[in-house]
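Below is the structure I would like to discuss, written out as structure tokens.
Order of writing sets the labels: A, B, C and D. Residues in every chain begin at 1.
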């Protein structure tokens, strides 16, 4: 599937949502990944996990629905879906660490060609380190999807040969969604471009990232 | 407290029951220790743990009370006390191993002067080993009370310098109730006799066991 | 486009067990007969997969369920805490005849090893068993003055468990001490198969009181009985 | 002879906290403000014990509860997963002024370390954090091809938690995601102190659904509020 223009953030979220198989157990990280939930359909029967102790998280709560005891990992009030269950933190992270989640969708500062993820710490002097559940999510899910812009505001690629930011997890990312392309990461065969959005070509991406990308768009 | 004659098994159970402080959390091992529950009073408010997942075990079930889903560690039908709770096996043994039980009362083949316990395996050739929760109970409770006859049927003392039976747990027994005496075991100060039942003297016990017993009966 | 609602409910025991292969490691819930998934075990015997490794607290009682499975000759090895019971005659005979391998694990270590597998823990230090025959050859470590043995996670290809109620997503509740190993075994198997005497509509189990969230359950089979 | 019924109910927050000494390690439940035992924290500030080590997922929000405790200057060190939040200004200032020590632990390792302490586990290997700054200097091990970091149990002198209902034996239930760290913290402290908006008669909590059995709870304080 190609599109005429690069994807907006909303379109990226929609694209990720469409790729989630029915019945999957999914954790959506804080930030942009949270918006994926807006595009999941009832028919997909996707069950959302929030690591602060709820499986079967419903949409964000509004007005009278707001309950201080019912929040997501980003501490935003949410609702409870039918068929939900609550559990304590050790059980919740055991669920994650034990490989029971099908997919975690996370944001990133950088992803390496071997699937290393950096998304917890800028490494800047004076920054207060705060990791939350980022490292647990990185190592726990069967598939880790990253959603990010392909480049920084300064135009530097965020898909890199080796991380320069502090590591969150090694070899954990399996797929990267960006506004211009989707990349699949396989620890043995490397990175392949599976889809393009807008006018960008695989060669453009090779030039931009200076990485040996395989063309798996079916058009290469 | 002394008595004119050695204690019967029922009197031993009664004696142990009387020593359990009000509000204690207690696990009674399979066999003789189970009978301690017959002598606990309602006023003691003792809460019984059975390692197959129940805190607040009531008396043995009879007649219509019998429910195949409600058994104790000896697989005997029991009842549920008011204020009970159920949990799974990992939680139940975590409760034990984490040192939350005040007292475990266990039977024994042998106890050593440093509190080593043997109660799981005769070590006989051809015997099928079966440990159940014995090793967990031995290391888990804050206090491990042993109830046993002081000697074997052949007259050999079961309180010994060093175990000859296979070990269940090292340095875990804190007190031993027998028909003729109660022994306190302290890993630094050794074994002391705290009570005598019947005509036996501390010197008799020293001769029988060939152990350096301290007289703490208050009459020595 | 209208999707199909996800349902983990299988029509029959045989369908739920169909893909079990020779050599599989299978956890079976229950403590004695409480929580033992008898109909799933009967189905496993019909299915006929051989060379199985079975994980259970015991090694069968009487002549039914797990005992019958052992009698079938399909079990190569059993990992349990307490094989010998007054009514474990089938296991006893099979073991004495050298026809089954036995690994005895202290009950709390068994439960914790299963929990570790389900929770992604690579191994842990436990005080239980230190200095005993059951820790021979195992790594030990003294931590803050206490002695521990290293134990490894125990996982399975399948877990067969019995619960009290399930919904179509596999959320489970149990009943009294029949809960025992069910919740941890459900987390430690690649495929968890559950028998229940009744299935309820989604939403009928209180989210505060679901004991096994459906994420750990793959297949649910209804076994209707008179008295439950 | 008629004994006195055992009751863990304390008449006031101040009485429940009276024996806390300088230098204590105190776990405080809650994830952000959900499940945060605000009245117990206020009591801790009144109590005035100093040089405390606090274990919580966060480092305070706004100007109340844990944030206020940090502002009081009584906290020497905080062990948490996520100190920096939009409203963690008090912590941020205190930390930047060099007046508080910070140990950042990945959230799942924090929960598992607390659980290990409560369950008598001497330490465990976790995949979380391997190869990161937060594992620097820690023992590592490759088990079945996966890389793990060794983590140690985390215990406390006191746990202060908030639950939804309690009975006189300290059996607890929680409410929705306010459950979070409460159940594991209750197991890992020498003394566990709980605030609840309502206390029920013994027997009113369903034994199948007690989340924290009373064995883990030492003191219960009623904090009545309008809206709960």
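The definition used in the following text is that a contact is a pair of C-beta atoms (placed from the backbone, for glycine too) under 8 Å apart; a residue touches a chain by one contact, two chains touch by 3 or more.
None of these values were measured; they are calculated from a predicted model.
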Quickly list, by label, the chains bordering both chain C and chain D.
-> A, B
Compute the centre of every chain as the mean of its C-alpha atoms, then state which one is farthest from the centre of chain B.
-> A
Which of the two pairs, A-D or B-D, is linked by more C-beta contacts?
-> A-D
Report, in whole Å, the distance between the mean C-alpha point of chain A and the mean C-alpha point of chain D.
-> 30
Measure off the straight-line distance from the CA centroid of chain A to the CA centroid of chain C, and report it in whole Å.
-> 34
Indicate the whole-number Å distance between the mean C-alpha point of chain A and the mean C-alpha point of chain B.
-> 55
Considering chain C alone, which of its residues make contact with at least two other chains?
-> 112, 115, 119-121, 126-127, 174-176, 208
Provide the list of chain B residues touching at least two other chains, using ranges where the numbers run on.
-> 54, 80, 86-87, 90, 93-94, 96-97, 139-140
May I ask you to sort the chain touch graph into line, ring, star, complete or other?
-> other
Quick one: which chain pairs are touching?
-> A-C, A-D, B-C, B-D, C-D
Using the touch rule from the top, collect the residues of chain D that touch chain A in their complex.
-> 31-35, 57, 81-85, 92, 95-96, 102, 104-112, 114-115, 126-134, 147, 174-184, 211
In the complex, chain A residues that touch chain D = 50-54, 67-72, 75, 80, 86-90, 92-94, 96-97, 121, 126, 128-136, 139-140, 166-170
Partner chain C, residues of chain A touching it in the complex = 22-23, 25, 41-45, 47, 49, 55-56, 80, 82-87, 90, 93-101, 139-140
Touching residues on chain C, where the partner in the complex is chain D | 112, 116, 119-127, 141, 143-144, 146, 148, 152, 173-176, 206, 208-209
Touch list for chain C against partner chain A, complex | 1-6, 115, 117-121, 167, 169, 171, 187, 202-203, 205, 207-208, 210, 213-216
